[in-house]
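What follows is a group of structures, each given as structure tokens.
Note that subunit A is present in both complexes that follow, paired respectively with subunit B and with subunit C.
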Partner chain A sequence: MTDLLNIRKLSVSFKMEYETTDAVRNVSITLRPGEVLGIVGESGAGKSTIGNAIVNLLEPPGEITRGEVLFKGQDLRNLDDKQMRDVRGKKIGMIFQDPQTSLNPLMTIGGQLIETINKTINLYGSEATNKVIELLESVGIDEPEARLNLYPHQFSGGMRQRVVIALALAGDPDLIIADEPTTALDVSIQAQILDLIKKLCQERQVGVIIITHDIGVIANISDRVTVMFNGQAVESGEVKQILTNPKHEYTKSLIAAVPRGDRKVERFKSIDYIEGGAQTQRRIDLDQHWLGKKFTQHYSDTAISINDLNKKYSLKKAFLKRNRSYVHAVKDVSLSIKTGESFGLVGESGSGKSTIAKLVAGLVSTDKGSIKLFDQEVTNKSKGKDVIAARRNLQMIFQDPYSSLNARMRVQDIVSEPISYYKTASTNMEMRQIVRDLLDHVGLGSNAMLKYPHEFSGGQRQRISIARALASRPKILICDEPTSALDVSVQAHILNLLKDLQDDLGLTILFISHDLPVIRQMCDRVAVMRHGSICEIATTDSLFEKPQHEYSKHLLELMPKTDFI
Partner chain B sequence: MSLVVFTMINIVGDPVDMLVNPESLPDEIERVRSDFGLDQPAHIQYIKFLQGALSGDLGNSFIFGRPALALIAERFPATLELATCALIIAIVFGLPLGIYAGLNPKSFGTRIIMGGSVLGISIPTFWLGLMMIIIFSVVLGWLPVSGRGDIGSFLGLESSAFTLDGLSHLIMPATNLALFKIAMVIRLARAGTVEVMSLDFIKFARARGLPPERLVRFHLLPNILIPIITVLAIEFGTLIAFATVTETIFAWPGLGKLVIDAIVNLDRPIVVAYLMFVVTLFLLLNLIVDIIYAALDPRVRLNGDQ
Partner chain C sequence: MKDGQSLIEDKLNSAKYKKILKANFLKPATLIPILLLTFIAGCAIFAPILAPTNPYDLAIVSILDSRLPPGEVMFNGTVAWLGTDGAGRDVLSAIIYGLRTSLIVALTSAAIALTVGLVVGLIAAFYGGRIDAFLMRIVDIQLSFPAILIALVLLALLGKGVDKVIIALAIVQWALYARTVRATAIVERRKEYIEAASTLGLNNFRIILKHLLPNSISPLIVLATLQTAHSISIEATLSFLGVGVPITEPSLGSLISNGFDFILSGAYWITFFPGVMLLATVAAINIFGDQLRTILNPRHSK
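== the complex of A and B ==
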């Protein structure tokens, strides 16, 4: 069969004023009709740049410096703007990562589909409308006629991504480039969308390029895979062969860093290839150090105990009670977490897991129920010294490392703030020394002290967050999706760090994630949440081996299969 | 608001001193004072004012002896006409120039536009107005120096914009008033364009092969209009309320001139009535903005059929 797409020795560079960055170097790719090719790599590997380069949508100053992009034998680089527009949409469709932002919020979805159909296949009026309805049906949207006049915000994330796929298919393209099509979606929706793409690919014999950082997605959907690292394709081949028997060092370490859902490993394997050489870490001797200072007070065996917790958020405010509407974010939740345990909360978005974290941390007030930290009631009705003391034992690490650090404070000030607030250091000199030690301990090095957060990568920022959390010498850490914004290798580093800290300091961890394999690696016990209530609480092993609740079984089934690695 | 205005205006000066001949006898001054009700304590005056205001009577002008509201209503059309004209000029020139600048950030034209907008914001209105009079009226003799000109009527609306003579009188003050707003619209439109063009849905629209004209008209324009309309509606209020400087320079018989005279003569009812009027105007404009918002942005509409 002839190749649908043939990229030969493609190089893309971004010329800046003082330096030129080579985002893609000498990459060659071939794709046949009806085939799914995965391009996998971490952020900055140049995988999205390839997708954009194919349809010439590179953001300036990016440009193709060398190589050929042969689409059905024709070099797309030779086309002018107008010819290129005829290729886009009509021959090559694209799907972007975030369905929240890839649709025009001020235009009905019908309007957006119709304008695309007008342009690509020259159908107008009722013919175009019929085609739109047919498209929406084929991507699995019910009652398409009624939904034509709805605006994007009236759809859920998964439905919006279906609309985006319908838009990509509107011109009957021969090739679809999907750039992280499911990254912003929940697992169950991810599975549906991937199935849909696979099905459309087989039915219509289109070629699909899936660009993703998620090995699980690649394993589920693609036929062949190209692994990108630092702008170069380090390895390509059949999925099975690459995943089971990787040749290149980078591929090996990448696969080793993927959390496994099938069994628990002690630590993630060394992935130093990715971060460029082993880090020289100076760790502190905890027996002697401030951080490891034992508290004289006795702590009970139950770190967190939650009883009949309820929280409603109001959706619509109204004077009359009957006109108000609420979403019941947390419904009659009771659980207790033992001291030193790491407890997982798992569920899809909107299941109320983050709300529980905020309630426990006191960031939002409770409606009903009680929360006790080491037998001290900390709900909003109780105030006083004891509550402040109890709260000090608890620190939080947030999901987004970019917005959870004050951009105008130096790292040293960020980390020292809790120390000076709780007055746990006697002199400024001592405080500075503690900050230095903390930064060393989380693997950042003390020369980070005088820098500002924007000078760090996502993973490094998350280390700063961890150092800040440790600075108040907590007994409990709440980690709310601490690694979901990070690359898999960085995730492995951060998870290793959290595990070490837990072992060294005897921390109790409440770990919140939607990612089952991560939960499996991190937690002793797990609670599965859905619609604000807990479906099942079990030890991690028994949940993964013998789930009791229907919903737990369902979630586990949807977990990307990595067992053949 | 009425309380604030009333208190403030009672603090500054005694209007009777301005109204009466300084050589008048003391009992004559007292007579004038009691005629206007100014001999009573301030809070009684205020209560009387409120009673009048509730029935639509904001008092009579001390100087003209006519209802203050009627005087304002008389002058208002001229100002409204000037402000509307200025607003239209601002949108017609500002929006395309701003979008052009946003789409071609590095071109030579953009530099000229942005440079011009800096000048537009920083040059004082009165100086520019004087310069315009010197160039277009005195040196070139193209346009009349001042006044409002003939008034025509079209579809029941009376405006000087409907006669050639009126238009020639209108164009210079309106442009003068608009220059600052053009500069502002350019900056808003450019900032909006730069921001929206970098969003995913524009990229996605390009990836579907849509031509640039369509991209700008249907995807870019509605999205940048929302913030621009918000600002412009408020600015329209300031155009009406504070066109004083331009009106003074071009001797435009609008509200500005009335108010300046009233302030100088301490004609309290007119000042109070004018300020009440401006407050109402801003409230109305805010309401209109909210309505336009809902029309433009489906996300703002309440009770959306989700």
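== the complex of A and C ==
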């Protein structure tokens, strides 16, 4: 069988005014019809650049410096813009990450598909409409006739991604390039979309390139895989062989960093291949250090107790009560978290898990119910001294490391802010020493003190966030999806750090995540949430071994399988 | 540690940023307005030294010198390079002094408007809800009237004087700053570092001052530059209409209006040269503001 796509020694570089970045170096890829090739790598590995280079959509100043892209024996680099547009529509389909932005919000679904069909296969009128209906049926949308006149916002995320796939299929392409097609979707929808892509690929004998950072996706769908690191393809081959028996050091470390869903490990394997060598992390002797000073106080056994908590967000404001509409984000939630425990909240997007975090942290006010931190009632923003003191026991680590640090402050000012605000250090010298210790403790080193946040990578920023949270000497840490914006290897580092901190400082952790394997590795007990209420609370082991609730079983089934390791 | 600190700082300063800054500043589009503005500011500051005569000194102003064309020698022996006006004042000297008045009025009013607008905008963005709605409706009302109309009414109520013009111009302009800063601040307000600051237990005043303000101010720098040019024009318009600065402290606008009576009788220079100066100043500030916008663009400053 001839190759559908043959990329030979492709190099892409971005010439900036002051430096040239080689995004892709000497990468060779082949793809046969009916085959799914996975390109996996972490951010900055150049995997998306390959996808864009194939269809000549490199953003300037990027350009192909060397190599050739043979598509059915024709070199795509020699085509002019018009010919390239034809290839893009008719021969190669693209699926992008975010179904929110890859559809035109002002056009109906049918309109967008018909427009594409007009251009690609020259069908018009009722023939085009029939073709659209057929396409929508093939991507698994029920009652396509009725849905033709709906707008993208009337579809859910998964449905929208199906429409995007239908758009990619509209010209009967021979090749589909899917760039992180399921990253923005929940696990349950991810599984459906991957199944769909796989099925279409086999039925229509289309070649598919899946670009992703998620080893689980690769394991589930692709036949072969290419592992990218720093612009180079470090390893390629059959999926099974690469995942079970990786040859290259990088692949090994990447696979070791994937959190396992099947059993709990003490720590993630140390993977120093990526984040710039071994990180020396200094332990702090709590009896002597400033960080430990406050802990001599007595604390009760229950760190957080939530009783009958309710929160509604208003969707539509109106003068009359009957015209208002609400979404019930948190519904009658009760739970209690023991001191020193790490408690997980898991659920799909919109299940209300982040709202609980914000309610506990006092960032939004409660509608009904009570929240106690160490037996101190903190519900709603009463400004009493006891409440403020109780709140200081609680700190939060946020999801997005890029927006959770003030870009205009130096790292030392960010970390020392709680110390100087509460005057918990006697001199400036002492404060600086504490900041230095904290940064050492989170594995950053005191060199970081004078820099600004933008000089750090996502993982390093998350470390700064953690140092800032520790600076107010909390007893409780709320981690709201702390690693979902990070690469797997960095995620492993951060999760290890959180585990160490918990051991060292005896922190109570409320860990919020949509990622079941991560929850399994991090938590003692878990609550499964759906539509604002809790389905099941159990110890992590018993939940993963013997889930009781239907929804928990469902979630566990969809969890990407990692038993290949 | 001292060495370590200075080392890191050196490295930061010498980095790409400086190169980009330099490349941007050396473009003619930036360099020419900067040179022009430096020249204009120099003229305004050193007016008593640079001006050939003192136009405010009534003792040396002679009616016999009135309406001399450019290049003529005046009664007291000095050359009137740009001619003299109807009262016998040297137009060049009057322009240099007038520039002073115009710039003082524009800069002070811009500073006051900026401060007021910043406070209002930040408060509206931070607290949101009813406070935001209330403050922004005031802004809407303010912005729905033409600036010149409000200034005219205010000056009619307040009376003449440099200080009154400054107040009027500040009142006219604050709303624009408030709206701009609110738009940026409302985006910043939703970012997680603000939430982080409030979980640290910081009070609202500190969060606004140390976290919200520094992150919301950069669009205002450009706006302030452009608005300064705008307020020079408004002031000139007001003075032209006769409600601006008093005739004893002429600004560029009052000089233009002063010469308007003679323009049909051929004494074009009394109006023309102050007009050219006004145009040059406003254009230079505007072009500089545009360049500043390019330089401060987040993509560059990253």
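Everything that follows uses one rule, which is that the second predicted complex is superposed on the first by the 552 of 565 C-alpha atoms of A that agree within 3 Å, B and C clash if a C-alpha of one lies under 4 Å from a C-alpha of the other, contacts with A are read in each partner's own complex, and residues count from 1 in each chain.
FYI, a residue touches a chain if its C-beta (ideal position, glycine included) is under 8 Å from a C-beta of that chain, and two chains touch if they have at least 3 such contacts.
These numbers were taken from a predicted model, which means no experiment stands behind them.
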item	value
Touching partner for A:468 - first (subunit B), second (subunit C), both, neither	second
Which of subunit B and subunit C A:115 touches, first, second, both or neither	first
Which of subunit B and subunit C A:418 touches, first, second, both or neither	second
Which superposed partner A:451 touches (first subunit B, second subunit C, both, neither)	second
Contacts of A:504 with subunit B and subunit C, given as first, second, both or neither	neither
Touching partner for A:361 - first (subunit B), second (subunit C), both, neither	second
Contact residues of subunit A, present in both the subunit B and the subunit C interface	none
Subunit A residues touching subunit B - in the complex, by the definition given at the top	55, 57, 85-90, 93-94, 96-98, 101-107, 112, 115-116, 119-120, 151, 153-154, 164, 167-168, 170-171
Subunit C residues within the subunit A interface of the complex	4-5, 8-9, 12, 16, 19-20, 23, 191-193, 195-202, 206, 210-211, 214-215, 302
Of all residues in subunit B, those that touch subunit A in their complex	199-201, 203-211, 214, 218-219, 222-223, 296-299, 304-306
Contact set on subunit A toward subunit C in their complex	17-18, 358, 361-363, 388, 391-392, 394-396, 398-400, 403-409, 417-418, 421-422, 447, 450-451, 454, 465, 468, 472
